[in-house]
Amino acid sequence: MNRYLLRRLAQSAIAVLGTVTLVFFIQRLAGDPTLLMLPEGATREDIETLRRQLGFDRPVIEQYLDYVWQLLRLDLGQSLVQRLAVGDIIASRLPYTLYLAAAALVVALGIGLPVGVLMAVKRDTRLERLLVAFVLIGQSMPTFWSGILLILFFAVTLGVMPASGVDGFHSVILPAIALGALTMATFARVTRTAVLEELSRDYVPAAQAKGLRFRAVVFSHILRNAATPIITVSALEIANLLAGAIIVETVFAWPGLGQLAVQSIAARDFPIVQGIVLLGSFVAISLNLLADILYSVVDPRIRLEGRA
Amino acid sequence: MNAPLLLVEDLSVAIGAARVVDGVSLSIAPGEALALVGESGCGKSLTARAIMRLLPPAARHAGGRVTLDGRELGALDADAMADMRGSALSMIFQEPVASLDPLMPVGRQIVEAVLAHRRTSRGEAAKLALAMLEEVGIPDPVRRMAQYPFELSGGMCQRVMIAIALICRPRLLIADEPTTALDVTIQAQILALIKRLRRETGTAILLITHDMGVVADMADRIGVMYGGRIVEQGEVFALFRRQCHPYTKLLLKSLPSLEGERRTRLSTISGTVPDLHSWPPGCRFNPRCPLAVDRCRTDAPPLAPAADAAHLAACWETARMAELDR
Amino acid sequence: MTAAPLLDVADLRVHYPIRRGLFRRVVGSVKAVDGISFAIRPGETFALVGESGCGKTTTGYAVLGLEKPTAGRVAFAGADFTVATGEERRRLQRDMQIVFQDPYSSLNPKLTVGESIGEPLLVHRVLHGKALAERVAELLSLVGLRPEHATRHPHEFSGGQRQRLVIARALSLRPKLIVCDEPVSALDVSVRSQILNLLMELQRELGVAYLFISHDLSVVRHLSDRVGVMYLGHIVEEAPADRLFAAPAHPYTKALLSAIPLADPVAQRARQPIILQGDLPSPANPPSGCPFRTRCPIAEARCAAEAPALRPIAEGQRVACHFAG
Amino acid sequence: MTDLAANPPPAVPAPAAPVRQLGYSVRAIWPFLVIFGGFVLLALFAPLIAPNDPNSQNLLARLRPPGTTARGIFYALGTDEVGRDLLSRLIYGARVSLLVAFLSVLVSTVLGTTLGMIAGYYRGWVEVIIMRLVDIVLSIPAILLAIITVAVLGPGLQNLILVLGFTRWPRYARVAYGQTLVVMNLPFVRASRFIGARTPRLMLRHILPNIAGAVIVVATLEFGLMVLFEAGLSFLGLGVQPPTPSWGSILSVGRNYMATAWWIATFPGICLFLLALSINLIGDHLRDRLDPRSKR
């Protein structure tokens, strides 16, 4: 364990605390959250009662500390509608979202990385232009529209795939494609840039000058060097996949966290929305940390800080 | 003169529409050291890269032949050319630290060079690498083998590069500004090392440099480049004694020296090196040349024998060189 | 030549802290400049030479106040510059200027060259409007460019021309001292002598003094009056230029001079160069005693124990070596 | 004796490289400029161009396919579930899309660039606070942050713009900060500081013009993303509220009529795709020309 990672760990802890603080204060942007929690048309007394019940009549700083303390005990509160612990509700939906996100990640990485490498290596060829067009389409397709088109074509017209819901392995394919497309495009672009950057470095002709074939240079030198920016972007992109699931799950009636979030907003079930946002941010921060750990494994200049 | 080891005939390289190397011809005998000297943008590095068939993406081969030991390099397929590199001819570069893969221990990078050409075990290759590191004067080579480029100084990295280049005993070493990025005292070490290895192995050298001092120290023969062309070529002592092209003469005169008068006006070459896309017609030096006449502005002079058969210059007005001394 | 010095640097030190760990604790320091003293008289050229990392550029920046000295005194025109603040500092800075190594990034690409050259005059509210334009035109002609160039942008100029523009900007406030940080090392060989000539002419006409920082000994020899040779944050030898190159006294100076290949194959191949072993030590962890002892061909036990002081051995020549003189 | 590059010049962002980048095939960008320009014109002159009132319902002409005439009104792209003219709704929808994207990008550009420049200029604790805040906001996935804020503030055009504007600024701040650090270290800024130029002059004359290129590149790419974000949030019912036409909400409704009235979801999808595609292409093009880091 070196200093670099310790520092990053501390930074992540600060980021988590910052996120919690931000979410706490966003909730108070509109005055106090009781208004958000009650159905429209609630009476003054209802509001007052709930305020006292939930402790919103106390000083803000006291509320904030309480809030942090509650989260530290991993307590996300109670759902206002279902009267169940938010943690349990989220836990029951999380596996579906993880399943979908993992499938989308396979699509995104499986296509994005090789396409990106090809675009860089085959620069200025017809193949590159073709791939660029492919990536641009992936990048410009709104997720919900591509989802609808996929349903229309494969489920309604061809009838080879289920249109919605979870029913066996087949059902994850279409949502995974819809969700993975944008991430695939991002991976392809980042990989292309990273590989192009490495291709322009002095060690490339030098490695060729010692007799390595171009392919060998790509595989044994360039890809490893290009990995660092890709790892960094991966963390951000996986977090974005989770967020993108909100729309895709709605389109495909996928019973994950995204659908839960949309339903909860409609039902003004605020503790659940907040729980999902906090979970998403926590995952994102953890992924960033993981990326930095990987980064330091790949790059000796960080791993061996202080040895030189 | 016996058969040349390297023969370059009418080599041209283009970037876009600009011919940045324009009809360069030269030859190197076995064991000989030829220096290509010139300012940045004169095409000397691209000439070297074209010989290696390692041109940067923006540049492309635009004509001419390169023959090494009787084999035409341009006729080889990509894999056969890769096999030639590192074994028949190899190259070291200007930025030694950047020329090594930052994520790989230097020992493995030398081993890679061995394994590219010899069917041998990793262990055997590592032994060779170790011996080679010792040969290039790296103290404590066992420890150094496991270190990464960022842990070594520039001079050390250049020694590693030299080890990589020479480990398969090539007959030609192309050294592209090998000491430019290094400090003077380190430069002296590296130049001494290259001279020693050359004596021991008999490798021929194509030295690319802008430094007239390095040329005077290292080369048997010199080719002076300006604007993508060789403007003067000759044996080193003869060329320093007498220059047959105004560019060479003015360049040598403009250098401040470690002897002679101080705080005097240095002689200059007027104007600046033009952008490589706007070379003038005729002799490319004509806008800056005090001897230029009308013909220089329209017709490019060929590289022809000037002082004697072995001393060539590309100038119409070689006979008037003495005017530059006034 | 006994005029009061324009610049007097005494025991200047610039140390950078090395921080480690979570709380960025200071665990050591890089001694970039470690106790150097020199003086520059009005209208004189004093050169600092040495290899990369020897502290010559840091010294130049510290003299100008661009780098905060850890200790020592920089007196400029009789006033202690290191403690000057506010208006006094601004007033002193008007008389000093700098020319950087890289002419390509020394000019703001988004401004016309006229705006760049006129900026010092504008900032110090010396001139504006028509008078400013006239002064800019005058400065352009002074450095060998045409007044109508004022409306162009830097990318329309070559490296040598840009360095002329940078020099014009440095001259705009009529400074008494210009710090030239490797002013010709980024230029093509064939335009280098033009800039060196320009610097020498301007000195003759305007009486400006130069602190000339360079690693190029032949350039330094050609245009400086006195030279200080730096090694690892120390001045190891200081002498009038002709003296230093004719009779170097410090083993490092000797090695440095012999390491430069002469552009004359006959003379060069007759020489027996002194080749120093090893690399420069790190300024974060300098050797004890004499900084040069790890590479010195004549070092003895005493050199590790005792740091040699800079002591005079001849008229104007000072050397920091136990065995010199 | 003469070492050109013993001290190689630092990597410089702005000044032109001595060798022009060649071999780069300039992609035909103009068709996409035309598409983008077309959408901008539609948005600007929507009331003049739209053949019908986008909100007038015609319950007798519900779900008519493109090209029908009903009660003397020609519906070029058909009608929606309450008989509104789809073409007119799409034209007004361009207005919403571009307005939200433009204003939110404007808010985040100004905010992010200012903060990033300040962090890079003053360094010290100002830098620590601003850049830590950037890290925190960036670590919350943008859509989640937008969702929770909209959920609190309530949906609507104005809130949407504010939410997007205030959640996206860290991207600009990061770029502006990084570029400011680079520019601050360039000799021309050091020289200018040295002669005593003061903060406003340094910021406005020296730093801002030289970091603007990189910021504009981010803004263009963000613009495309904001178009998609607006549509996405409206699709979820968190964006613009009915009856104001937004491509996202039209699509959301059209989804339910996919089998019977394909046109309702298809046309807004095509519009979104074309707009996003043209912006992305223009952004790429700008990046190749402006962004110092994409030099190769």
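List of remarks:
Should a chain be cited, it is by its letter among A, B, C and D, assigned in written order, with residues numbered from 1 in that chain.
By our rule, a residue touches a chain if its C-beta (ideal position, glycine included) is under 8 Å from a C-beta of that chain, and two chains touch if they have at least 3 such contacts.
This one's a predicted model, so the numbers in the text were calculated from it and none came from an experiment.
Looking at A-B and B-C side by side, the one with more C-beta contacts is B-C.
The greatest centre-to-centre gap from chain C, using C-alpha centroids, is found for A.
Per-chain Cα centroids separate chain A from chain B by 52 Å. If you average the CA atoms of chain B and of chain C, the two centres end up 32 Å from each other.
Inter-chain spacing, taken between the CA centroids of chain B and chain D, is 50 Å. Multi-chain contact residues of chain B (touching two or more other chains) are listed as 40, 57, 183-184, 187, 210-213, 255, 257-258. Among the residues of chain C, those in touch with two or more other chains are 52, 188-189, 192, 215, 217-218, 260-263.
Looking at the complex, you find that chain A touches chain B at residues 123, 199, 201-203, 205-214, 216, 220-221, 224-225, 298-301, 304, 307-308.
Contact residues of chain A toward chain D in the complex are 11, 14-15, 18-19, 22-23, 26-27, 29-30, 33, 36, 124, 136-137, 139-145, 148-149, 151-152, 156, 193, 196-197, 200, 236, 239-240, 242-244, 246-247, 250-251, 261-262, 265-266, 270, 273-274, 276-277, 280-281, 284-285, 288.
Within the complex, the chain D residues that touch chain A are 23, 25, 132-133, 135-145, 147-149, 151-154, 224, 228, 231-232, 235-238, 248, 251-252, 255, 258-259, 262, 265, 268-269, 272-273, 276-277, 280-281, 294, 296. Interface of chain D with chain C (complex): residues 1-7, 9-10, 12, 14-16, 186-192, 194-198, 201, 205-206, 209-210.
Of all residues in chain C, those touching chain D in their complex are 52, 64-66, 90, 93-94, 97-98, 100-102, 104-111, 116, 119-120, 123-124, 154-155, 169, 173, 182, 185-189, 192, 215-218, 260-263.
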